[in-house]
Amino acid sequence: MELYTPILALALIATGFAVFSVIMSAVVGPKRYNRAKLDSYECGIEPTPQPVGGGRIPVKYFITAMLFIVFDIEIIFLYPWAVHFDQMALFGLVEMVLFIATVFVAYAYVWRRGGLDWD
Amino acid sequence: MILTVLILLPLVGALVTAVVPAAVARLVGLGFAAATLVAGIVAATQYHVGDGMQLTETYTWIDSLGVHYALGVDGLGLLMVLLTVVLVPIVMLAGWHEADAPGNNGAKAFFAWTLGLEAMSLAVFTATDVLLFYVVFEATLIPAYFLIGGFGRAGRGRAATKFLIYQLAGGLIMLASVIGLYVVSADAGNPSFLISDLAALDIDETTQRWLFVGFFIAFAIKAPMFPVHTWLADTTEKATTGTSVLLVCILDKIGTFGMLRFCLGLLPDASQWATPVVIVLALISIIYGALVAIGQDDVLRLIGLTSLSHFGFIVLGIFVFSSNGSSGAILYMVNHGIATALMFLVAGFLIRRTGTASIREMGGVEKAAPVLAGFFLVGGLAAAGLPGLSPFVSEMLVIIAAFDHHWVVGSVAVLAIVLAAFYALWMYQRTMTGPDRVGAAPVVDLDRREVGILAPLLLALLLFGFYPMPLLDVINPFVHDSLASVGIGQEGGPQ
Amino acid sequence: MTQYIVLSAILFTIGCVGVLTRRNAIVVFMCIELMLNACNLAFVAFARQHGNLDGQITAFFVMVVAAAEVVIGLAIIMTIFRTRRSASVDDASLLKY
Amino acid sequence: MTEFVKPSIEYFELWPLLVVFGAACLGVVVEAFLPRSVRYTAQVVLALGGLVLALVGVVLVGQDVPEYDDGAARGVLAVGGTIAVDGPSLFIWGLVLALAIAGVLLFAERQLDGGVSAFAGQAAAVPGTDAEAASIAANREHTEVYPLLMFAVFGMMLFPAANDLLTMFVGLEVLSLPLYLLSGLARRRRLLSQEAALKYFLLGAFSSGFFLYGAALVYGFAGSLDFASINEAVRNDVGSQSLLLIGTGLLSVGLLFKVGAVPFQAWTPDVYQGAPTPVTAFMAAGTKVAAFGAIMRLFYVALGADRWSWQPMLWIIAVLSMFVGAALAITQTDIKRLLAYSSVAHTGFILTGVLGLQASDQLAVGEISSVQAVLFYLATYGFATIGAFAVVSLVRDSGGETTAIDRWAGLGKESPVVAAVFAFFLLAMAGIPLTSGFVGKLAVFSVALAAGAWPVVVAAVLASIIAAFLYVRVIKVMYFDKPVGDGPSVAYPSVLTATTIAVGAAITLVLGVLPGPVLDLAAVAGEFIR
Amino acid sequence: MHLAPLAADLPDPGLAAFGQDPWWVILLKAVLIFLVLVLLTLFNIWFERRVVARMQHRVGPNVHGPFGLLQSLADGVKLALKEDIIPKSADKVVFLLAPIIATVPAFITWAVIPFGPVVNFFGHETPLQLTDMPVAVLFMLAIASIGIYGIVLGGWSSGSTYSLLGGLRSSAQMISYEVAMGLALVAVFLYAGSMSTSEIVAAQDRLWFGLILLPSFVIYMISMVGETNRAPFDLPEAEGELVGGFHTEYSSLKFALFFLAEYINLATVSAIATTLFLGGWAAPWGIENVWEGANSGYWPLLWFFGKLFCFIFLFVWLRGSLPRMRYDQFMALGWKILIPVSLAWIVAVATIRVISLEGNINRTYLVAAIAVLLVLTVVLMFVGDKGEKSGAATGEGAPAEADEPHDAYAGGFPVPPMPAGGAVRGGAAPLTFAQSRTTVTAAAEENHE
């Protein structure tokens, strides 16, 4: 555990600094509010009303998120494998090639179906 | 071998009838029925009175469950087989035109299902493996279901469903007991369903009682007995009379047959333990059936309920455990078959003429159709147990046995005879005598074909009424054996 | 060690309750993920307790499964939204009895 | 980190698994690289080929599985003891593969719906939009269903063969996830279908969460995930009993959900009704088979020594399932829902079988074991179900399949054959003699009775009476009721569906009349290995 | 699964030097790192502006202090004195939280960066590194990706279209390039046999991984630019499209925090690159031949920061010379080139490794294995983008969907609405782009009608 305590120290310092500056910004500095200023910025025009029923995000972002998850998982498996590769040698290689190939099948499918194309 | 043939003939017949063009279907069907009749007689000739189980054949069916395809007949089985093979052709002839009546599913289907039913019933009466028995026991329901649901009066669909549910319920309860028997035999180290093996087991008291309950409920529903008889009247009312004959005169016999075969044969101790209850139920059935019958307005319902009363007698006879009782019961099974068949068929002809089954709307038939009225009278008197007609003999035997058992039982049974005479004669009076119905076409009398159909039944009634010995000769040895298994010595068969 | 187990139990319960009470399909779904992660925590904690790696390996696989579930779940839920304009599981009521 | 030991991989014994998985992956590749025009053919051929190949593999493996150490059972522990290729596994593999072949045939059926399959032209297109119209006009169809099915099959094979909780969990998910998707792909009534998918997914994921936490707790108890060690730990009960008890409970929640046992049956009717009928057919049959395989392995192999803590629970659940399933089924007006509830009831019956004795040393000579009975029941149930649903997919009107029961009135006259076959399947489910269902019931009841679970058996008998009523009711509607409007019409299927139905009916009949061989096969399968 | 008992509990020998410090050393180190980072940021900003100015033939900031070195400090003070605006449509709490979340991880990552060998630190022998652990690099990646939350939350909570899109974009591109980055590192671990930074540095004493693993290095450098949203990949802040991107609505010190975080990340990725590929604090070869004291004492700091600034300069150089990429090209680069290539590269490296490990392996086994992957890769490269766009996989509706009149939900934009019962507070009030006049992405386009 004591390997991690220093991180805690650094984290505390950093957090302290961040919080401090956020508060500072609130305290210091003039406060001359008006309605227009508090509107969300839209090039000076009247900001658009927010609908009930949910903000909506292009579906592409979901696809990206899913793909990210998939590959992140792959990476999770690759790291320990890489670190202890020397012990597994050929066996490790073959198994991982099979694994990567399998993931690649899905990857190919997504690619072909335009899952990777942004427009 | 002959028994397998006996079962296969109608089965094949059913399939053939189902596929041949409708024009010839009835002839084909009848042909197969006749062939079966012949086979049945052949089997009877090969049967040696008093040798116990005969014509046996045994093949392994499901090895890992110890199930066999095992057939054989003893006195009881033989009589039932003969009753079946005789009645089926008669029913077919009687239903020759009826099945084609509008709203029915056509003669072709009727004949096919009838043959199927015959095949299954024959299998039931000859099976000597409990599971085989159970299988065909349930299998009889399918043709019966389609016979009831497919032919007859409006509302038959409901009746058919009710019938099937009752029977299935009984069957499944029995299944529990069947499995129970199997488990017992398995624990005994030799898992088998063969009756011969099972009879050899000695099952402890409580287990016996549980198993007995299972079997008895199933057979009571089948037979029918009070309080699980309610499907009977509905069914006989809605179905065609032909179907009713098949049901009441053949199928229901499986109930009493089963009681003799399994309750007494396999679970004698439990049977004696249950005797008081069963006898009470039997007496209730006798009286209740008779009383309700009196109140009926629908002829077919009435006849159905009379057989409730009769089955009461049969069960009574079985469970008083005396040679008289048993012999009487078995004899009764045959006679009742004949008599009730006669009643149903006549009633069927009657209804076809009057166009109604309501007693209230009938009357004065005897003037227009004396022959019909005559048959009807004979049938009714037979049901009432008039001396000289075969049911009398069996009834007497049962009542004697009842008195031997306990005077109360006997006297209640006697009371039933009075009631029977009453409903029979009163029904006759209301339908046949009295003023003619207002504004109705005069009832045509029976034609030659119909007389030809009824005649053999009538003859049988008279013959066995005066000379029941051939039947008794077949019966007594069986009774001797079965009573011996219950542990009651033989004190001379009835003369 | 027990603290971890207790924590995981609490997390699991929260997720469980969430699934049963929340009405927004996405939220329900997130609660399910929470349950899975509670399981992970328990696995790792037990692995530490028993001093073998089975639990940690399991955690890996659970992550994979969770990922797969996310992908499939989002796909299904999206289709429903686009049809129904609503994420409420109460609106999904065509099928009953 | 100590020295790495390379696990042995028994490629021969795992052949069926590998083939199925490979076929599935290939299917994805096909999906990715072949032009749309040829995909349908390619996929069907690929799927069927893979399944048949795997089936052959199962037979070959089955012929020479070595005896396991003590000789009581035969089998091999593959891949470092994570997969048990033993008799029951092989039996279930064979069964699943056979059902899957039937499933593929149903999936591939195109004739019923005017030249298109039962699956949505484009799942992503919002129903009622031009997009959907376009996809329909273009006669699009999702050929992805075949790879999905193959993955599901892979899961169904891995699930019952898993010899440790982790593998079992993975199998569970691999089997479930594709099914979630598949049940959302119906071409008609897409809202229902999507809703079914949503419910199935949410509840399924929920239950698998329970399973996982149970696994965690059991791991905490035993300190190991594989069944043999868990069994050991249970015997000399190390660790705290409460962990074990709760763990067992949670595990069984996950498993019982999959088989749709009360009180975890809520999803069954919705999903069965909403999913495309071919999917329902495949799912209803396959899932149950696989899941019961897993249940038996878990309870017998891992928790066998703890019998007395889980048996009472199973007693109650079995009884509940039978009664609730049968009772609710009676109230249904939709044939698919009715079949769903009846499947719940059947779950109860099979559980009755699970309650029996399984180890050969507990049995009298010639007595059949629980495993044997359950395996047989699964076989009978699987084929009857898949056949019944196949028939359901035939009965149609202008709006596609007509699943409302009252619209089935008069089917007996409209198409006697179809009605007869369906009636036959129903009778099989009701357990009428001369159908496979009867022998199945006989087997499970007798094992339960032999194990002294007579109350359950009595309950089962009563429940089957209720169930009988509901099947008879349907038959009555088909044969004796007046058709409403212009009655149902029966679409004439291509050889694919026809084959499936025919085979299903044939097997149901044969297993009813001559169950001997299959029973013996199940007996040869013997016990689970640990 | 019979696995080895867990040996990892006790840190492996390589890390023996760590976890021994008394509390004051730890504290001192932490403070030092913090200061270094802040100063570094200030310096970097100035540095960037000067260099870019040079490249554009300008002078750049030169007023405050020598060479205008204090320019960025002045900017900081100015920002602090600016008015602090919280839009009324914003979700206050998250809005305030976001900059903190973005900043803190940026600092923390530096905890495991090795600045130098074991030195005498105020009379106490300790390595010039706050701490180290068996999974240091993994730790860095994990913490770094926490920073993304800051950005996406900031974008979301502002309750403004631009912010939201900006946040989404940056998070999307960050995760996309994180994959490539992660894959690039695998090869390093493969050779170093460890994930602890100090051991990786130690493993490079003979040869820098940057040279033997050149492809990994290149991939890493590309993805690190993407990871930090720097030109030419600075699409989240594409002024022309998105105004300020996710921090459009931020002002005063909160904005400064985002700014700070961005520049620290800049330094962080550079530091990681230095550590993993350029031998960390080790002096460039040749030097210790002429002067063996080069790798001892505090000198390594020199080499470390030297290498670090090379990277910083590279960043600036890129910004000064390259135009901004288009978003689709950018994503395509990440997903369709970097990932497959790095996967292939990993396998290649592993293969080489195996061969070197056990010289006599039967080739067929190996060839078969490679063939599988090669075929797949080649096929993919070959068919390339010709893949038809049936929406099936993308979940995106077929084209026709866009022109559903008044269907706010058209165009395949399914997204969970805010929790039932509608918006709770300002920014949580659900967004729409329905009538927004902006023409940012095709995404927003389809929403117009």
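By written order: A, B, C, D and E. Residues from 1 in each chain.
Everything below uses one rule, namely that a residue touches a chain if its C-beta (ideal position, glycine included) is under 8 Å from a C-beta of that chain, and two chains touch if they have at least 3 such contacts.
The chain lineup, named per UniProt: A = NADH-quinone oxidoreductase subunit A; B = NADH-quinone oxidoreductase subunit M; C = NADH-quinone oxidoreductase subunit K; D = NADH-quinone oxidoreductase subunit N; E = NADH-quinone oxidoreductase subunit H.
These numbers come from a predicted model, not from an experiment.
Enquirer: For the chains other than chain D, what are the connected groups under the touch definition?
Expert: A, C, E | B
Enquirer: Quick one: which pair of chains has the most contacts?
Expert: Of all chain pairs, the one joined by the most C-beta contacts is A-E.
Enquirer: Farthest chain from chain B, going by the mean of C-alpha atoms per chain?
Expert: Taking each chain's C-alpha mean as its centre, the farthest from chain B is E.
Enquirer: When the C-alpha atoms of chain D and chain E are each averaged to a single point, how far apart are the two points in Å?
Expert: 48
Enquirer: Let me have the rounded angstrom distance from the C-alpha centre of chain B over to the C-alpha centre of chain E, please.
Expert: That gives a centre separation of 91 Å.
Enquirer: How many angstrom between the C-alpha centroids of chain B and chain A?
Expert: 82
Enquirer: Determine the centre-to-centre distance between chain C and chain D, using the mean Cα coordinates as centres, and give it in whole Å.
Expert: 25
Enquirer: I need the residues of chain C touching at least two other chains; which ones are they?
Expert: In chain C, residues 25, 52, 54, 57, 75, 77-79, 82, 85-87 touch at least two other chains, as defined above.
Enquirer: Among the residues of chain B, pick out those that touch two or more other chains and give their numbers.
Expert: If we look for residues of chain B contacting two or more partner chains, we find none.
Enquirer: Using the touch definition from the top, which residues of chain A touch two or more other chains?
Expert: Counting only residues that touch two or more other chains, chain A contributes 53-54, 59, 62, 72, 84, 105, 108-109, 111-113.
Enquirer: In their complex, what parts of chain C are in touch with chain D?
Expert: 5, 8, 12, 15-16, 19, 25, 28-29, 32, 35-36, 38-39, 42-43, 45-46, 49-50, 52, 54-55, 57-58, 61-62, 65, 68-69, 72-73, 75-77, 79-80, 82-84, 89, 92, 94-97
Enquirer: Within the complex, which stretch of chain C touches chain A?
Expert: Residues of chain C touching chain A: 60, 63-64, 67, 70-71, 74, 78, 85-87.
Enquirer: Which bits of chain D are touching chain A when the two form their complex?
Expert: 1, 3-4, 6, 25, 28-29, 31-33
Enquirer: Along chain D, where are the residues that touch chain C in the complex?
Expert: 123-124, 126-127, 165-166, 169-170, 173, 177, 180-181, 184, 190-192, 194-199, 201-202, 205-206, 208-210, 212-213, 215-217, 219-220, 223-225, 269-270, 273-274, 331-332, 337
Enquirer: Which of the residues in chain D end up touching chain B in this complex?
Expert: 364-368, 372, 427, 430-434, 438-439, 441-443, 445-446, 449-450, 457-458, 461, 464-465, 468-469, 472-473, 476, 479-481, 514-516, 519-520, 523
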